[in-house]
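Multiple structures are listed underneath, in structure tokens.
You will see chain A twice below: alongside chain B first, and alongside chain C after that.
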Partner chain A sequence: MSPPTGGSDGPGRGVPSTRAAFSALLEDSAEDLYESAPCGYLSTLMDGTVAKVNATLLNWLGLSRDEVVGRMRFSDLLTVGGRLYHETHFAPLLRMQGHLGGIALEMRTAQGSRLPVLITSTVKKTDDGEPLLIRTTVFDATDRRAYEQELLRARRAADEARKQAEADRERLREALAVLQQSLLPATLPDIPGVETAGHYHTASPFQLGGDFYDLFPLDGDDRFAFFLGDVCGKGPQAAALTSLTRYTLRAAALHDPDPVTNLRDLNTALLDRYTGDDPRYCTAVAGVLERAGDTLNVRLASGGHPPALVLRGDGGVEYLSTPGGMLVGALPGAQFVQVRVTLRPGDTLLLYTDGLTEARIGPHRELYGYEALASFAASLAPSGPHRVIDALTELLSGFGDGLDDDTALLAVGLPARTDTGSRDRA
Partner chain B sequence: MSIHRRNNIRVTGRSSGRTIVLAHGFGCDQNMWRLVEPALAKDFRVVLFDYVGAGRSDVSAWREERYSSLDGYARDVVEVCEELDLRDAVLVGHSVSAMAGVLAGAAAPERIGSLVMVCPSPYYIDEDGYRGGFSAEDIDELLESLESNYLGWSATMAPVIMGNPDRPELGEELTNSFCATDPDIARVFARTTFLSDSRKDLAGVTVPTLILECEQDAIAPPEVGAYVHSAIPGSELVTLAATGHCPQLSAPEATASAISAFVADLDR
Partner chain C sequence: MKSLTITASHAPAGLVLEVAGDLDHTNAQQLRHSAQETALPPGRLLAMDLSKLEFCDSSGFTALIAVRNQVVSAGGEVVLVAVTANMRRLLHLTGLDQVFDIRDTVALLTDR
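So, the complex of A and B:
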């Protein structure tokens, strides 16, 4: 290690020693440190009267010591707005805390220009704790303030953009809700002696779903057609497809109330409309209800749709299997399968879309599935349509974020005879 | 939500004494009264509260429409009085609260029996024939200062502090947290404080009224004190040997004894 230049023996010859440089530095008087400090410095009495101020601050403000000391209060050095802020925030806080740091204010110079500053103050107290005077340092914050103004501008712009985005989002949500509602029946028709209930679960208010259902009279009070289904995809395209599907099925059923024919008509309409590289299809159940004495005869055809479920008045539960029914709109000449079922008093027919059976449950996010649905239905049976739909609505909301698809539910049933099943009417 | 919780009401002092309600002004919260409260509490029952949006009030109850006019603050005062079922209380209002107090007194005369107005100003903007001390541009400058200083307030910490009024130590993690206020709320309060014109309301004051002013007050200069004094029939004006706009902090003894003397006179 080389010895330090110079040494303790005295000044080096010709070259100033480090020690000598230090000495020169130490001779920088406290007075000069104060007066020429790179920040403004002032002391005021507790009433704000300036008692002492350094040259740096006087220079910045273009004021002479005589103009300031004993004549001006600290707040006189500020802009009027800054003075208001000083009186309402700065002074009270300083009184309460004895210290206040980093406050952004503006000072007014003798030339009339503004000097953005950062102020830090401490209260000096007497030995017995009485406030004596306030010491304040003042930093020139011109550049810093310009930077902060930029940040504030950006923040305001971001705030504005956020508010606009929220408003747009709200308008979109409203528009989508109206559109979604237009794809569903406003109310189900009142069929004397028959109970009906429906429910539509919207997974996201910002995404149009592609599920649909309907129930409507064919002729008088004795025959009704119904359908329920799920088109591929989501969003506006799915909504357009749903609209086409719904009105095609409605018109087809009114023209010829045969469920298999109706699904074929739909198949043709979809293939006709969506050609080439944009095939669009759906799964659907279509059916006709016909009153026969105190029972309801149901003809039901399915195209690739999950099986309907019957909750019997005696507590039994059965799926109406329609094997071989193909997706609607995927292939020309698609085959659809029809089943018949008779509903007696106390029986309920339930149609649903796969949002229900494909919900994910539990910590391992397992498929809810058909078995669980059958068990759930068995725990309800016998139950009328309203009770079944209410219970399933509650089940769906219990799935939370495990349910990420729209889900349509439709139930039709004959009320149990009063002597055996009055609980269904509660 | 109880008004107690909403306005962070605190009741101290001699329970058998006459009730004094201390209403803070713009810029801080009930902490403003911390130096006069002990003296007043010896003889009186002292009620402290924070306006909704200030201090440890329930910020979620704040609504811009309500607090964009002095009526909103006056309603806070009345609702605090109702919550405690006060009768004939002395309302001590600092700065803008002196004016809110006038409105509250008119709305609930059975509850507010007398007023102490600390450094009041019914209108801050200069006009022909009236000197309020400020121009509209000055008020804009103040709003700029508010924007530049988020004193003790941070968007991340605020919910923690505001949501735990019973754990003040959380607030101490932030410096300058005494008067921590959401800047959006402070801006609305500032505009309401400095742009409201309450001059016409003064003539309607019929209860015993004490006006306290400071010798040197950059916000409410002596002309304004004199204006309020002449506008309220029978009012008493006391000029405290104090500087600044907050005599309850700069001259707490003088402030407390002036209030005490006024209240003692009421019972004479």
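So, the complex of A and C:
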């Protein structure tokens, strides 16, 4: 076996063949180069009459030399649109500048079809500087035009898709807003002598939140039930859980207005609906308001929910701690803890979800927390429900990016006696 | 947001899962899967080391509860180890401190 020898022969054969190609090129006549160039050439008199044209362009247009030379003007070779553009823009500019390059025009072939071209023209002048004739090169832009059209088509398709996506997004946002609203009371009931206010902060218009609250009469004007809570997770599944939670709590309270029993009923309902592999739970505060003279007795039970806050008429602030209350719906036999509080004129009870206390604030994303909330409330106290909710709504919007969770707020209070007095005098 | 890292290691009493980073709705399934893969025999302990858990949202709590339910129904036990102050606060708030066995160190497990 001998090694292949072709490698050393290769260059030896290559040099003469390159030389042959070069000499063939050198023998190429200028005339042939003009006639068979890969672009069209034509020369016209200053009035546009074609004086000379190469075979390439004649071939593209399907015309014979006799039909064109001395008989047609350059503009006769163009489409109507092209002619118009030529007369109004191309020719005047060319006369002014003496050169014009890369202009897209359309020529008309003998068969009647259009030929998109790119035109470059130069005015040849006499030694005295008088314009003599116009030399023009014509490039076939069919491929380029097709490419541009494809680009345009793709762009139009993308625009359409974007518009459609925006419309879909808007429809989705509207549907979600309607669904979200359906999980909250349209208005809070009017309770004579009692002031109420609620607020729902939506973190994202495209993500259904899982916070909820409600306040409704139990019997007549004297007893009302309320609840506020937060289901685990986000999105449609959270909304379904919220719906189940809300209607279960409402029905339970109407059946037996005992907050601990109501949370137990909810625990049973959620455990029944969601299995151990897929636990779904909520944290909730449920309670009953009962009028007693000029005070309001509140019984309130909590299941794993942040403690309610009372803003006293004397400026004091206290959390209603319910230690030991467990998440609702996560565990069989969950314990719930009840507290009682009496609201006097000027007192306000505030319920909130952890979007408020778990918000991250400042450059170091510090937990907002219970102490900050208590201080904020102390700065407001004494304050009625509307003022408290307005101030908290403002506080929440001030959190900006630090608040990435939905937040529900509900406040119930008795107007201060002095308030009423001053209003009466006014 | 930090990513979630779950590292499993064996201890005499059972298995330790170190749950580090942020446990939230984007990755809570990962914890459930890790726990399912362990297939702990009955009577053994699953310890979740939470010392490096920096954030836990409601989906994270759901995963912890789901893991507990799964292990307990298979006859095992769940222990939460080295729970950070913030996590301890949330466990207390949600009453889950009554449900989970919470211990300070993993060392206790090795003595069992």
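Everything that follows uses one rule, which is that the second predicted complex is superposed on the first by the 287 of 426 C-alpha atoms of A that agree within 3 Å, B and C clash if a C-alpha of one lies under 4 Å from a C-alpha of the other, contacts with A are read in each partner's own complex, and residues count from 1 in each chain.
Just so it is clear, a contact is a pair of C-beta atoms (placed from the backbone, for glycine too) under 8 Å apart; a residue touches a chain by one contact, two chains touch by 3 or more.
If you're wondering where the values come from, they're calculated on a predicted model, not measured in any experiment.
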| item | value |
| --- | --- |
| Which of chain B and chain C A:Gly82 touches, first, second, both or neither | first |
| First, second, both or neither for A:Ile119, with chain B first and chain C second | neither |
| First (chain B), second (chain C), both or neither touched by A:Ala301 | neither |
| First (chain B), second (chain C), both or neither touched by A:Asp278 | second |
| First, second, both or neither for A:Cys232, with chain B first and chain C second | second |
| Contact set on chain B toward chain A in their complex | 25-28, 31-32, 34-35, 95, 134-135, 138-149, 151, 175-176, 178-179, 194, 216-219, 243-246, 249-250 |
| In the complex with chain C, residue positions of chain A that touch it | 210, 230-234, 276-281, 283, 303-306, 323-327, 330-331, 334-335, 367 |
| Touching residues on chain C, where the partner in the complex is chain A | 25, 58-59, 61-62, 65-66, 69-70, 73, 86, 92-96, 98-99 |
| Residues on chain A engaged by chain B in the complex (per definition of touch) | 46-48, 73, 75, 79-89, 91-93, 95-97, 100-101, 103-106, 145, 148, 152 |
